[in-house]
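Letters are used for the chains, namely A, B, C and D, taken in the order the chains are written, and counting of residues starts over at 1 for each.
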Amino acid sequence: MRTHYDVIVIGAGVIGCSIAYHLSKRGKSVIILEKGSTAGKASSAAAGMLGAQTELEEDSPLFRLGKQSRTMFPDLAADLKSLTGIDIEYEKNGIYKVARTEEQVVRFQSLINAQNQLGEETHWVAAEQLQKGEPALSTDVLGAMYIPNDGQVSATKLTKALAQAAVTLGAEIREFTEVHRFVKEGVEIKGVETNSGLNRAEHVVVAGGAWSETLLKEAGVNLETYPVKGECFSVKTRKRLINGTIFSDDCYIVPKAGGRLIIGATERPGLFDETVTLDGISRLMEAAKKVVPGVGEAEWEKAWAGIRPQTKDALPYLGEHPELKHLFVATGHYRNGILLAPVTGEVIADLIDGIAIKKDWNSAFQMNRIPVQVQ
Amino acid sequence: MRTHYDVIVIGAGVIGCSIAYHLSKRGKSVIILEKGSTAGKASSAAAGMLGAQTELEEDSPLFRLGKQSRTMFPDLAADLKSLTGIDIEYEKNGIYKVARTEEQVVRFQSLINAQNQLGEETHWVAAEQLQKGEPALSTDVLGAMYIPNDGQVSATKLTKALAQAAVTLGAEIREFTEVHRFVKEGVEIKGVETNSGLNRAEHVVVAGGAWSETLLKEAGVNLETYPVKGECFSVKTRKRLINGTIFSDDCYIVPKAGGRLIIGATERPGLFDETVTLDGISRLMEAAKKVVPGVGEAEWEKAWAGIRPQTKDALPYLGEHPELKHLFVATGHYRNGILLAPVTGEVIADLIDGIAIKKDWNSAFQMNRIPVQVQ
Amino acid sequence: MRTHYDVIVIGAGVIGCSIAYHLSKRGKSVIILEKGSTAGKASSAAAGMLGAQTELEEDSPLFRLGKQSRTMFPDLAADLKSLTGIDIEYEKNGIYKVARTEEQVVRFQSLINAQNQLGEETHWVAAEQLQKGEPALSTDVLGAMYIPNDGQVSATKLTKALAQAAVTLGAEIREFTEVHRFVKEGVEIKGVETNSGLNRAEHVVVAGGAWSETLLKEAGVNLETYPVKGECFSVKTRKRLINGTIFSDDCYIVPKAGGRLIIGATERPGLFDETVTLDGISRLMEAAKKVVPGVGEAEWEKAWAGIRPQTKDALPYLGEHPELKHLFVATGHYRNGILLAPVTGEVIADLIDGIAIKKDWNSAFQMNRIPVQVQ
Amino acid sequence: MRTHYDVIVIGAGVIGCSIAYHLSKRGKSVIILEKGSTAGKASSAAAGMLGAQTELEEDSPLFRLGKQSRTMFPDLAADLKSLTGIDIEYEKNGIYKVARTEEQVVRFQSLINAQNQLGEETHWVAAEQLQKGEPALSTDVLGAMYIPNDGQVSATKLTKALAQAAVTLGAEIREFTEVHRFVKEGVEIKGVETNSGLNRAEHVVVAGGAWSETLLKEAGVNLETYPVKGECFSVKTRKRLINGTIFSDDCYIVPKAGGRLIIGATERPGLFDETVTLDGISRLMEAAKKVVPGVGEAEWEKAWAGIRPQTKDALPYLGEHPELKHLFVATGHYRNGILLAPVTGEVIADLIDGIAIKKDWNSAFQMNRIPVQVQ
């Protein structure tokens, strides 16, 4: 069994798999170590919305990171299909951010202006016109901010296809493998010790989602992320009920292939618990019926939950550890892990290759932007 | 392959399996023909409530049938455990029929009087006292009619244990076997033709639940039953939230082994469709939270639906066909199939054995009480 | 609820859904009546092999039907993706018909000659060369007949996409709807009676797979088909173990997207029973390990079974009833339902439209080629 | 949220839940911290054999521990049923240790003598007599060592019932809670730090099965256990095929309630990987068919795997840490976790209560019997 690699990636979620895929494309030898199964946690729980302009509303390094990542999906989808046979169900079907109060109307219209000034496509759709395009919407909806370039993928398929593509390109994945501690020589990270032995590498990337913090404590790093549970459910319809994704303050409704709808998501900070509560989904149901009454007639499929990693300033951590050499971190993507996976893979691969990344990303997402307590 | 039996039972739901069990105990050779799988339809969908005094409120042949069947459960549970190792989870944990309006208070108290006069145990529990016994109940509940002798079983386990016990006693079960037509000689039924050949028997019993009607049309019998879909769901709690079953006008909540709760059931007449609608379960959720607010915190498990057979006068059909000899029917049990399974098995076995059954049952449940149209 | 249609299709398997899709594309109003769920039986159990030259080896109307259908897949895949978002995973990855005895070597080489003379692409691959292209094959394999134009799809996705596409084009699907009898006026079929009421139509198509025979008995037609159970299982591998499909006398191994392999299939005639036996899959496992030893290391996924409709002369029935007007039949596709679905949809749509189909197909697949006993 | 307890138990498998149950019965306040779900790992994977004389063949502290635990099951089953409604399916149905070679005949007969001299019930059953009692056994079987007092339970139900009973008696269970490190004050353990905060307790018990070692490294303890993966599968039969459990060198076959059979188990040391391999189950199938040919006809249900904790000298660790005060360990039960759960719960509860346990148990199972390397 091989034990020395160019790069060890810890975590086989969408972020870890994207990093492994990008590194493998560049000829690096990569191993992914995963304590459970590939795509076993939040990456499979996501609705797969690509809401670059929906969720990230104002100009900022994160806004630009999201937009960059969104542009990568068409080529990525084609490459993954060709390498693995898996269709990630990428669709640029647009997102409607619907207003149900006058306050929202005003707020969204000002958002449209702000985004237009940045050169982003988005416009207001008045109630009457909205009913024509999306007749299933409640007549209570006063209008919507429409973002034509946002879209979606299948989150599970994206993650599995990235993993499979990395393997096809030469990477290894070792599941049910828990990393116990880092192998340090002075300030240099040289590998990791796991429940199935020692692995050495030139570089180690921690991409463990909400579980990254625990692991990093091992290296004396206090990352200050926290988990946020999100509950979702899915239903099936005979005919596609909505064309674009409907995004309201209380829920979102994402139309998937073959008439499925994914409806999400609650926000329960502080919990690693992956159970779904009756209250969580019953509130989402009420919220969904208010925006698209016809979902009441849809066929129930199932409910699930995922644990997303959030940070104190709501920005991900992307970068090398300031003091420990060769230790990289990519976590804290919160609700945007699917959207940000492609660009995160590229950024980490660039950093490992010694290629400079955008300056504002470097400073915005570095690990010591919030005083990191090295114990 | 044997092709001649004392009795052919059509349908491996709880009714058919109970009939086969009773006949096998009496030494009859029995085959159950089932078009799908054992316990595959409504019998597995039921919550397993034994609401002899809860659902059947007033003196009538059906009320007495239910009470008789309820008394059979303790011995049946013991016999099935010993024959099959399966614990049917029989529990005489009582049912609270809760009142949330003054109108209900009055109605339930008069019901109590009526039942007491019949010698049935039941009494009124005022709000304050109710909170002591069932502290999880909403303080909106004004009191409850308490029925100590009603209880519950696991519907799926009851059905599977009856099937397995019948097999242990010598019966056969042939699944995925569809009955196409009856073998008639004059007015005598001599067997059935199926997709896997001909089977002959001295007697044929149709116990096909909501699907019985279709089959009987083959024999020129128009039974006039109709399907009623019921949707349910289950949640899990760490501690048993309620002790007795809570029965309200909009839902019931049945506490099962290990902290599970089953919450049911919607009523959708005319549908054979076994899908669960978002609306169906979201309404049950709202109803359940009104009666026992703490269920909101419970962990979601799953949702399902079953198709119950209802009749025009809401009474089951139990008896021999008035014109076709040796053809028996046991269907139309609607919401009370689990409760009525033991007595139904006994009644049909008696009829086949030529033992007279109670006169009022005979007349109340016979096939030609509603003018049967022989085509 | 609408009750009159241009065409009623009975059965929402791959054949019924393809017919509904083709008719809907031509502007017909169509309803599919399905007694269970869409793609609920054999259509979901199939491995999805498109073995036009593999399974159908010699020139015949059926051989030409299969080849015609195979050519339809590329355009169909594109159309279904665009209408429904569903990728049917069509792949023209070739099939290796492997020889493990000298007798097979001789037989396959003569088959190659025969097919080449018909203008079909296929050639012999000697053991050494075979090991280069498919290094996972056992060194016991003496060579293979290679068919580059055969391929595969996802059988479940094909069926669901056809159903969804038909709905998108205006068709209706009514599940859990059992057809009891045909509505006849003299020799004309005018509709069907179901458990949810009467439906009338200009034409009725029976596409009920192995269950068609039962239904047709209702119309006094004795079709003489019989069920053949096939058991399968699937495993998962990290890397794609084989490139083409491996077809041996005892089993076939089909490589699916993302490293899955489907291995099938047993042949158990006469059974409608959908259970999987230990013996069935343990024999397939031994057979698969002999051809591709590395499958032993693969991760177990699941096992299942499907019931295929076979006929006495091993040819499907495609056509109008010789005496009952407007009653069409499409069944008996046995192991080739997935391959033949596109052409079957087209042929039945042509017949309904009054367009002449190929003469040899007309005579080879007509209902009264085997003396049909009209009772 | 309460944060101080009498005892923290780490691990909600059968061992942890039994400890929590025994402590709760004695009035201790207990919290179980579980990184996944209750009964989520090996405790649900076990076949539930209680092979005190089957698996532990010769007189030794472990043999006596097993026998003691076996005697506890009848009362435990009754108590758990009464506290939780869960039937753990305890059955004293006997185990046949079958001989298929002359060498085994000799070996088993000498084993019988040895056990008889210890006063244990067991006797030889010759081939002819064996066929009478267990007619499904292969005629190749030369005879069997019969152990009437061994038996079985449902492993999953036992674990869930112990957990539920502990909760009913006042314990808490916190799932999805990972312990990061121990809180030490000098040589005293005062609690644990988890991903959801700090918990303090008078005593901490590590009952994490194969995952205990990792955790203990945190406290500087090198326990030297290793994981052994075991793969199993289950089938269903109409009639109970065997009465007792059949134990051969290559597999065991355990008859469960309602005609199910569990067949296990492979032994793959060093793996934490919970996947099932085709090879693993195909070998078990062949082995099972050799002993009980009729299982070939049984209906396939499912396959799974569990990770058992083994130690260098094949004895469990039960006791207090020799240097760190208030830290207890209960792991290394390997294939006997279900059998040993009751006595383990009692032993650990005794140790915490300051009650002396049997001397030979104390020395045989203590942590520093193998030189423990405190780093």
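Criterion: a residue touches a chain if its C-beta (ideal position, glycine included) is under 8 Å from a C-beta of that chain, and two chains touch if they have at least 3 such contacts.
Being a predicted model, the structure only gives us computed values, none of them experimental.
Student: Can you list every chain that touches subunit C and also touches subunit D?
Tutor: A, B
Student: With chain centres defined as mean CA positions, report which chain is farthest from subunit A.
Tutor: The most remote chain is B.
Student: If you tally the C-beta contacts for A-B and for B-C, which one comes out higher?
Tutor: Here the pair linked by more C-beta pairs in contact is A-B.
Student: Measure off the straight-line distance from the CA centroid of subunit B to the CA centroid of subunit C, and report it in whole Å.
Tutor: Distance between chain centres: 40 Å.
Student: Roughly how far is subunit A from subunit B, centre to centre by C-alpha average, rounded to an integer in Å?
Tutor: Those two chain centres are 48 Å apart.
Student: Can you pull out the residues of subunit B that are in contact with at least two other chains?
Tutor: Only 275 qualify.
Student: Within their complex, state which residues of subunit B touch subunit D.
Tutor: Answer in residue numbers: 84-87, 89, 91, 160-161, 164, 167-168, 172-173, 238-240, 256-259.
Student: Hey, which residues of subunit B end up touching subunit C in the complex?
Tutor: Going by the criterion above, the answer is residues 175-178, 180, 195-196, 211, 213-214, 217, 227, 270-275.
Student: Can you list the residues on subunit C that touch subunit D in the complex?
Tutor: 235, 275-282, 285-286, 288-289, 295-300, 302-303
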